[in-house]
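Have a look at the structure below before the remarks.
By letter and in written order, the chains are A, B, C and D; residue numbering begins at 1 in each of them.
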Amino acid sequence: MLELYAVSKIYGNGVVALRDVDLKVNKGEFVFIVGPSGAGKTTLTRLILAEEKPTKGQIIVNNKVVNNLRPSEIPYLRRQIGTVFQDFRLMHNWTVEENVSFAMKVIEAPRRAIRKRVPEVLEMVGLANKAKHLPTQLSGGEQQRVALARAIVNQPYILLADEPTGNLDPETAWGIMRVLQDINAQGTTILMVTHAKNIVDEMRKRVVALEGGRIVRDETRGAYGNEN
Amino acid sequence: MLELYAVSKIYGNGVVALRDVDLKVNKGEFVFIVGPSGAGKTTLTRLILAEEKPTKGQIIVNNKVVNNLRPSEIPYLRRQIGTVFQDFRLMHNWTVEENVSFAMKVIEAPRRAIRKRVPEVLEMVGLANKAKHLPTQLSGGEQQRVALARAIVNQPYILLADEPTGNLDPETAWGIMRVLQDINAQGTTILMVTHAKNIVDEMRKRVVALEGGRIVRDETRGAYGNEN
Amino acid sequence: MRIRTWAFFTGQAFSSMRRNSWMTVASIGTVAVTMIVLGIFLLLGGNINNIAGNIESQVEVSIYLQDEITSGQVDDLAQKFAAMEQVALVKYVSKEEALQELREMYGESGDFLAGLELDNPLRNGFRLRTHRPEQVLEIVPTLRSFDGVAEVQYGQGFVEQLFAVTNVMRVVALGLMLGLASAATFIIANTIRITVFARRREISIMKYVGATDWFIRWPFVIEGMTLGLVGSLIAAGLVAWAYSAAVVNLAVTIPFFPLVKPWPFLLGVSGWLLLIGTTIGVLGSTLSLRRFLRV
Amino acid sequence: MRIRTWAFFTGQAFSSMRRNSWMTVASIGTVAVTMIVLGIFLLLGGNINNIAGNIESQVEVSIYLQDEITSGQVDDLAQKFAAMEQVALVKYVSKEEALQELREMYGESGDFLAGLELDNPLRNGFRLRTHRPEQVLEIVPTLRSFDGVAEVQYGQGFVEQLFAVTNVMRVVALGLMLGLASAATFIIANTIRITVFARRREISIMKYVGATDWFIRWPFVIEGMTLGLVGSLIAAGLVAWAYSAAVVNLAVTIPFFPLVKPWPFLLGVSGWLLLIGTTIGVLGSTLSLRRFLRV
């Protein structure tokens, strides 16, 4: 499903964000990516989305090499991957509903399917009553859940979620985790970047820990911190 | 220092974000504001900053009534209050250093003071080596710490911090909490909106819990959740 | 792409114009004002060209005949002149007619012409006009070579100067029109570029969600086209209205002033305005998008 | 405010222009192009006005004297004419001089004037010019009332028409200049509004950090001023260069064409361009800021 071979990323200003990262994620896995601020977690998701090109190494998504896709192929890669961006990236002057349905319009889904699916997903993230609001009229946590709704509305093969619970209270966060588990159970591979120690510790899923751009730990049923 | 009397806020679209909130915070206090997503926490900070006007009630900061300040007085109110916004609000095309020093230029601080203070504050939040970077070249947690640096650089009377650790790993978050405690010890009143249960539970400071726009709990040495 | 996608693009374009109403008004205003200025230049240019043509078309050749010539020879010459391909008009002017004209020209102060009827010092002759004024210069040598022709006059020196003036007028008018059309293109394209720039964040978000370049581009194309079309429609309307009014008014104030008639002149001018406005609207938005689509 | 704050504002303005280099180039380009067009209109307007004045200033009054008048009366009349405040120039033209002029006018085809010296049918007279051409119409009745004056001619009918034409030319030229100046103002102000709009987020952030309105405004004012100044400097330079070149060229091609001399004409035109460009730059940015400062 997702393979990284000796991937390094050095940004234009010389910052080394990733060093020789090898990672293989199978279909249907649920992986937590943890690590201190600036460890390279977001950079990893950017490379997978072809938002940045790796400086070295190879990235393969669904048996397709990502790092030298033609520009015209990138949209099709991104449609297979639902993404919750750390900074949400919502359209400020579109309603919640329009933000979510846009992802379906992009793949030219039938109008009927859109009308059925969007309220369903908004219900899942607990925003059914905010469908007609603009993101600027929402709280931080509500915006984050709109971003999640947009990411899952197309039932993508892979879900990249960059701190999807960062702005949520523990209770709402657990609600969201249940949604992610459901999606995962239906076959979606999930990579979730998070700082929520209690969630990682409780769920006991695979944990990949980054530090200074290197993978320092990769445990199948891990915890947030090193347990020894 | 900070007093709210029967404050209500109904947004233009009819959403009731705060209902009849009474709150008094004394000089030098450290207050956690907690509550579920959409409870009205950010709205509270917005009213204090005169970013929005309350629909009803009175807000007093430093013995000055905030809710009918003349537009020309608002900047002087905001200079007494350092703010970490939930969405950071950094200038994308200014370096970290410029973002932080801008708050000092606004109050026309001497150039020498700026040159001394800015690196000091960047050191405190652990970003001394990123001074010349643009926010777009920073990780989410790094941006959040720039926002904190800007908020504290002028040693304000009041610090409003809206989830200042939301994008930080637990270790970095604790580093930031120590910074806040230091500032608080030097006399700054702190209102911190947060979802970090373990931080609130550990620090045992005053906790104000909001729910549906109402204050449902106000304990002097409280915890994140209700303890009974 | 499917019909519902096209409907979406159109809806997209119109709701974006409504949401950014402020910027929409500014853009349409800029297009309209620029196109009005261009329209005025086109009208000026058309009229300058017309005036130049009018002036030139007054150029005629006067042929004076020898006194001893017979009327048979005169008819013969008339036929020869008419047979020349450059010649458009041949008119015989007897010396009596010439004197009469002189008298009309001088009016009251023409007293000194009194008594000349008895001993008319003028000569019989022809006046010729050519199809194109410049041809005057070509035919003069041939005319001089005909038997019975005493003298050929065409305002020697003056005609050459006149052509120089009218040519300069034409070049200046054309230069102004082309220059203004480029300026209009530049201004409108710039305005649209800045409005696209103001929305670069939205464009990048669409790309991150998996939209193809054309999916993003179409609403902008439709929007650019609409802005350009509406702006230049306003301009064309105002320009046409103002020119028609001006023509009516000037016909009263200075009846002899040779303004080009409104129809079909205005049809051409409006057509150019609409074509240029709409084209720049479409191209401006499409080209400006390019740099922001690279994410 | 302190000097370091002013230094900060200036630095701010320039680094903002550098960072948004793309938008800066677009704005300066728009100002320059718009101002070039305005400059061309000012040049056209000035020249039209000049041509109108030239044509009008050729208007003169011819006074024909009664044949029986004495030379003492003639001197007397000359003094009376010169004493009239509207009269700028008085010239005596004897009938011999008048005949000579006629002959020169007709050149070769003036054969019919031969022999008139012996029995000159023309009359002695004066030619007058007034300070302002319109004054011709005022003084004619007075002139007619003088003793010894047989007839007064000033091209009746024609002069009225001429004034009508030159007045229309002036009105059109002035209208075009004012219209174009408004258009330029509108386009430049619009461009600056859109660039300010594109930075509304930055403006609101400054306000949230406690900046006063003027603290935010000054860098924009300096930036707007610089954009306007640089754009109109470019325009003024190009217009001045092109006009000087055109004057030199036309002096060769059509030497008699009455173009206004480059100096000090160009000084006035450039001055206007710089003044308008800079003012709109400043006002445009200041006024556009208003709506975004309300946070």
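Points to keep in mind about this one:
Going forward, a contact is a pair of C-beta atoms (placed from the backbone, for glycine too) under 8 Å apart; a residue touches a chain by one contact, two chains touch by 3 or more.
Keep in mind that what you see is a predicted model, and the values were worked out from it rather than measured.
Chains that count as touching both chain A and chain D, per the definition above, are B, C. The set of chains touching chain A and also touching chain C is empty. In terms of the distance between Cα centroids, chain A is separated most widely from D.
Between the Cα centres of chain A and chain B there is a gap of 28 Å. Centre-to-centre, using mean CA coordinates, chain B is 62 Å away from chain D. Taking each chain's centre as the mean of its C-alpha atoms, chain C lies 24 Å from chain D. Centres computed as Cα averages put chain B at a distance of 67 Å from chain C. Of all residues in chain B, none touches 2 or more other chains. Multi-chain contact residues of chain D, defined as those touching 2 or more other chains: none present. If each chain is drawn as a node and touching chains are joined, the picture is one closed loop, every chain linked to exactly two others. Under the touch rule stated earlier, the contacting chain pairs are A-B, A-C, B-D, C-D. By the touch rule above, chain C contacts chain A in their complex via residues 1-2, 4-5, 8, 19-20, 202, 204-213, 215, 294-295. Across the interface of their complex, chain D is touched by residues 22-23, 26-27, 29-30, 33-34, 36-37, 40, 64, 108-109, 111-112, 114, 116, 121-122, 151, 153, 161, 164-165, 168, 176, 179-180, 183, 186-187, 190-191, 193-195, 197-198, 250, 253-254, 256-257 of chain C. Contacts from chain B toward chain D in the complex involve residues 49, 51, 71-72, 74-76, 78-79, 83, 85, 89-91, 93, 102-103, 105-108, 110-111, 150. Here chain B touches chain A in the complex through residues 11, 13, 15, 34-38, 41-42, 86-87, 133, 137-142, 145, 162-163, 166-173, 195, 197-198, 224, going by the rule given at the top.
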